[in-house]
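So that we are looking at the same thing, I have put the structure below in structure tokens.
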Amino acid sequence: MRTLFTTLGKQENDVSDIHTCFELSHRDGFWLDIEQPNDDDYNLLEHVFKFHPLTIEDIKHQNQRPKLDEYTDYNFAVLFQATWENETIVPLEHHLFVGPTYLVTVHLEPSPPIKELQDRITRSPELTKSKPAFLTYLVIDTLVDASFPVLDQLDDTVDALEDDITDKASPDSLNRIYHLKHSVTELRRLFGAQRDLFQKLITHGVTLQQEDMTLYYRDVYDHIVRQYETVDSLRDLLTSAMDVYLSTVSNRLNRTTTTLAVIASIFLPLSFLTGFYGMNFTYLTAILETPYAAFWVGVATMVASVVFQIYLFRRRGWI
Amino acid sequence: MRTLFTTLGKQENDVSDIHTCFELSHRDGFWLDIEQPNDDDYNLLEHVFKFHPLTIEDIKHQNQRPKLDEYTDYNFAVLFQATWENETIVPLEHHLFVGPTYLVTVHLEPSPPIKELQDRITRSPELTKSKPAFLTYLVIDTLVDASFPVLDQLDDTVDALEDDITDKASPDSLNRIYHLKHSVTELRRLFGAQRDLFQKLITHGVTLQQEDMTLYYRDVYDHIVRQYETVDSLRDLLTSAMDVYLSTVSNRLNRTTTTLAVIASIFLPLSFLTGFYGMNFTYLTAILETPYAAFWVGVATMVASVVFQIYLFRRRGWI
Amino acid sequence: MRTLFTTLGKQENDVSDIHTCFELSHRDGFWLDIEQPNDDDYNLLEHVFKFHPLTIEDIKHQNQRPKLDEYTDYNFAVLFQATWENETIVPLEHHLFVGPTYLVTVHLEPSPPIKELQDRITRSPELTKSKPAFLTYLVIDTLVDASFPVLDQLDDTVDALEDDITDKASPDSLNRIYHLKHSVTELRRLFGAQRDLFQKLITHGVTLQQEDMTLYYRDVYDHIVRQYETVDSLRDLLTSAMDVYLSTVSNRLNRTTTTLAVIASIFLPLSFLTGFYGMNFTYLTAILETPYAAFWVGVATMVASVVFQIYLFRRRGWI
Amino acid sequence: MRTLFTTLGKQENDVSDIHTCFELSHRDGFWLDIEQPNDDDYNLLEHVFKFHPLTIEDIKHQNQRPKLDEYTDYNFAVLFQATWENETIVPLEHHLFVGPTYLVTVHLEPSPPIKELQDRITRSPELTKSKPAFLTYLVIDTLVDASFPVLDQLDDTVDALEDDITDKASPDSLNRIYHLKHSVTELRRLFGAQRDLFQKLITHGVTLQQEDMTLYYRDVYDHIVRQYETVDSLRDLLTSAMDVYLSTVSNRLNRTTTTLAVIASIFLPLSFLTGFYGMNFTYLTAILETPYAAFWVGVATMVASVVFQIYLFRRRGWI
Amino acid sequence: MRTLFTTLGKQENDVSDIHTCFELSHRDGFWLDIEQPNDDDYNLLEHVFKFHPLTIEDIKHQNQRPKLDEYTDYNFAVLFQATWENETIVPLEHHLFVGPTYLVTVHLEPSPPIKELQDRITRSPELTKSKPAFLTYLVIDTLVDASFPVLDQLDDTVDALEDDITDKASPDSLNRIYHLKHSVTELRRLFGAQRDLFQKLITHGVTLQQEDMTLYYRDVYDHIVRQYETVDSLRDLLTSAMDVYLSTVSNRLNRTTTTLAVIASIFLPLSFLTGFYGMNFTYLTAILETPYAAFWVGVATMVASVVFQIYLFRRRGWI
């Protein structure tokens, strides 16, 4: 699905007669967004735009790293945007071709932030400042900032998980920590590469589009660094959460063992006493025949044993 | 709330007729502090000072990283100062615009160190040496040094926590370690960025204000590095504290289990003996009928069993 | 076993009269692949090609690191390809001599990806674009990409292992984590060196073969970086898996101890009660003689004790 | 307390008429050591030597990082020397002003290595080679090397601690590991900064004193790197020691639990048997009336049970 | 003990008239090896060769780091070779003076690889290619490669240790891991410094000896990097081994506790039943008087209890 915007904000959805469109829009500069590209689109990219076959391969195979490759008359960039699907983080891949007067974006799956930006441009075309360079900046800025809500949600999830651990420490929490760590490690890798990409972009400048956009890309770079650092902190916290889990389980074990020790300490002596008074020694049974006194003395020894134990437990802080 | 200082130390709180003020103070250089900026203030920054819209955005959205952005006729800096609120560390964000003859500081929340510096300048105006560059240095130095007391308090808290762990190892301590580590990780991130910022500032120099302040900023840089290293050590110590926690819990579990083993070791054999003397074998009951001797022999076997156990425990160091 | 390809795709398996072959193919450029080199092959490399004795030593001793050594009229490279044998990762070593018009590859063991590439070239000779530089790129690209399936399999294995741990936590899983970590550490080392090698190659360019292949090697570099990062993540995940293992075992221990505590809590009081009602106090036996009531009261105390315990356990979440 | 040495080795303790001294000694170069500086000394530094107020502040506030600040006609350095006090490591701070013909050292507390060096110079004045540059080197070398004995002692302490852990694993050892780690982390921070300082010093050279001392400072640098690496290894070992502690405690817990299991396994079956023979079934009591046989059969079942258990334990390696 | 070789391979053991030797051999270049240097040797180095006093100090004090110091007409290098003594790794220190036409090696202890190289040169003098530069390379290469067998042995030891842990997890294994980690940390430190040294050497070139040996030293550098990386992996594996140890101990504890729970679960209910049938309730004893039936019903309840437990354990996978 192709969507074409000129820098003047005109959207042309019917881009079948693509050559005419180009000629018209070349004067203004344009942005062509291709969603779920088909063979026809690939042909367009390779034979009309003359993009390098390696970049077409990259789009087809997906699963690239964030990168910025410079070709003689255009740049090819791969950017990722984190999305949150069913408690997991899924990175969406976007491919950008940045030429002197145009921008081509390609993505296999629908991209809500791109859609939203298109709506915003339709509503207020002055956003593009009628410059292809600024249009490019808008697209990149949108893609980068779209990861912030996901990171916020991730942060909340990790916080909730930590509360869950100290509360229950179920094996299920352990599993979730592990899988979150997996996602976060992956995200850190992508954001790390994205950060390096923008650092290069600030240092070298974007030479093809003549506007000086350094100020703006420095801003995008700052956002990406913040995303990277957030993910890095989250990774650290998840490792700590695993330690907290182990400590909580150990603590719980300690409590269980203490309960066991308390029960054994109370009833083992009692059982001994009942056993003692149940022995068949004639001497003993003779004594125990004393009607009341003997019985109550016997019961008193049991009560004393329990009271003594309870005193000991209190002193140790067990109960 | 706006507060204006000239480098001569004159404070002018009534800065509504801002244009007149500027003209007057431009000869001397001035410092304008804006607390909790309103739309009026944003207008002032954007249309009178002509600061770049991106920087205004940064102030409005807050939650930036420490950074130093150079614009053609001014620099824009974001600095953080750690404060301590309800056992948590909260970083306060300050925004600085540094021009050739002026300094503008913006902060959303009241900033005690800024307030204190203003009082000091009012009392002794010679502090500014009548130079905008020195005034800028004073503000930055104040903001940076204001984090030291928080770090000292953090250090004390971590020390107290460690004593608490070896003493009690309550699940509550574990929670506090985790949350402190969260704060410290965050702080380390901010101080790290702040350190890089000042390194850049020392290497490039502050070109806009003509005074050579390298000596002074080197000093600020040293303070920031010390803050960063302190926070880094604290993070290390909190990780160790978590290990100490786990070891303490394990140790405690060992002690509980030892107690259980001691009690079981003493009473299980005793119960066996009482059971033995309570069996219904006619042969046995016949023996046990011997008036005194049998009973005392029976009791003696029990005492011997206990004494033997106690001897064993002592040898193992259990009691 | 020698296999010779010219850039025109002609394969000549009978390369005994090697000098004639060379003369013929020097015009086109060629690729000579030597599998399991014998002394004859070593002679060829040392005395016909005049390769440096140190490189011949490297091939003979194997067990080198990935590297790229520049000699005056050729480059010598060592590349590794990961293969998966019996649940272990085995790195296969390939040695490449890259000259202005030729490429010589040497490997001790059969190399399936090399074989497959040869078949592909035989089928479609246009792949080589009749240029030695492109032929070299094809070989290197093939060797690098051949590690991807192994990494995918490794990823699956680690995932399966993690499920296995939370399910069973057998000592066997622990052993497998340990050995996988060993392999992954080794692989990370090799890919790390390989990454540095290609970074150097992109920066310096491959000067001997005159075609500009930077675009293509940048692509290979991206793949290698992805492999390195994947292996790095896997190493991280295996460390986490070990932590998960320990936590799972602790959790299990907790459950076992809870069971023990439940059983002891139910039966120790019961045993006490039976012991109590079995004591030889005349007073007690007198009471117990009451035909029905006494017995049912006794049984009721036991039932009450069990019910009370079960209530307690439920409240603690033990059963 | 001031002590003045000329490069000719003459010591002048009575340095009240400081101006005369200076004039005299300026021809030779001198070293002025100030211990526990008072206001008079601070005045001397600020108004006679004209040192920058920031450096005077640094001396007063102490608690700086190792650093080397270059001023137009002198360098200001902060160096640390580790000392060992009551089982803790205390870093002593030294401040050095290095001018073209002089050296001024300031320290708040008595510094034994400085004292010792002064004695050595008094005894053999040729040590200074009559050059201020060499005198400076001697002081710095002395301060750096003075940390070696402390590191050796630290190494011994860590080794002793490790033996202690595997022997006893007392909570006290845990505390000591934690506090040693605290000290070592601190020391690593200081030595790290000191190392960077000397690296800078070797690269830039000490420009003020005209002698080329690079050879000598390279030697000092090597010593500092060794100190840093030693401290780094110690930190690593202390982390390992904490792991050893946890493992030892777990091991001990295992042994305690094994003992408990052995005792329970022996006596619970025995108790069952005595209980069995004590039941009130008429059928059973009838059998048990058989004079000898029944009793000995009963005892035999008990002995058999114990023997069987012991056999099982041996097979498991429990006893 | 001095041994002198010329580049022509002539060995002259009687090097007392050292001046004559020098004159003769200066034409060819020579290698002087000094083992266990005495004062006479130190004099030779200091006053005949005119080596810097600092280097003589380094030899005397030993315990240096690997380093390469450049002096105006010679280089001074310290290299380490790992040896394996009584289950510990001992690094042997070698000192090398490399001049334009000569090489002097000094070592306090006998060095088998040096000895072996001397024998090889004696047998085949052509090894030196009659060039001092090549002789130097041979010595350095020999020293570096001599560490490989030690690393192989270390690798085997770590592997054996890991098997030992999963098998027994004795406290002794823990101790050995700890001490191996100590050695490996030390070795990593030395090899790390040695790697940096050779990197410097490759980048700067060895300027004094005019032969271009870069190719050869690049080879030595590769070996050292491999050694460093091996040691680094071993350190990682030893850390993992410690985790495996802890997990194995926990697993074992779990097994012990399970055994305990099984025994308690079987015999506590049985004891309760025997106790129950032994109570003195007249009602109960009346029932129990029924000759056969009652007894067998009683026994049946016990058997049923055991069978039920065994069923439960099987379902949980405990037995």
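For clarity, chains are labelled A, B, C, D and E in written order, and residue numbers in each chain start from 1.
One rule holds in what follows: a contact is a pair of C-beta atoms (placed from the backbone, for glycine too) under 8 Å apart; a residue touches a chain by one contact, two chains touch by 3 or more.
Remember, it's a predicted structure, so these values are computed and weren't measured experimentally.
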{"item": "Separation of subunit D from subunit B in steps, with touching chains one step apart", "value": "1"}
{"item": "Interface residue overlap between copies subunit C and subunit E, same or different (over half shared)", "value": "different"}
{"item": "Superposition rotation for subunit A onto subunit D, Cα-based, multiple of 5°", "value": "145"}
{"item": "Inter-chain centre distance, subunit C versus subunit D - centres from mean C-alpha coordinates, in Å", "value": "40"}
{"item": "Whole-Å separation of chain centres (CA-atom averages), subunit A against subunit B", "value": "25"}
{"item": "For subunit A, residues that touch 2 or more chains besides their own", "value": "243, 246, 250, 253, 257, 260, 264, 268, 271, 275, 278-280, 284"}
{"item": "Pairwise touch network: line, ring, star, complete, or other", "value": "ring"}
{"item": "Cyclic chain order - from subunit A, heading first toward subunit C", "value": "A, C, E, D, B"}
{"item": "Contact set on subunit D toward subunit E in their complex", "value": "162, 166, 215-216, 218-219, 222, 225-226, 229, 232-233, 236-237, 240-241, 243-244, 246-248, 250-251, 253-254, 257-258, 260-261, 264-265, 268-269, 271-272, 275-276, 278-284"}
{"item": "For the subunit E and subunit D complex, residues of the former touching the latter", "value": "52, 54, 58, 64-65, 67, 69, 71, 169, 171, 174-175, 178, 181-182, 185-186, 189, 193, 239, 242-243, 245-246, 249-250, 252-253, 256-257, 259-260, 263-264, 267-268, 270-271, 274-275, 277-280, 284-285, 288-292, 294-295, 298"}
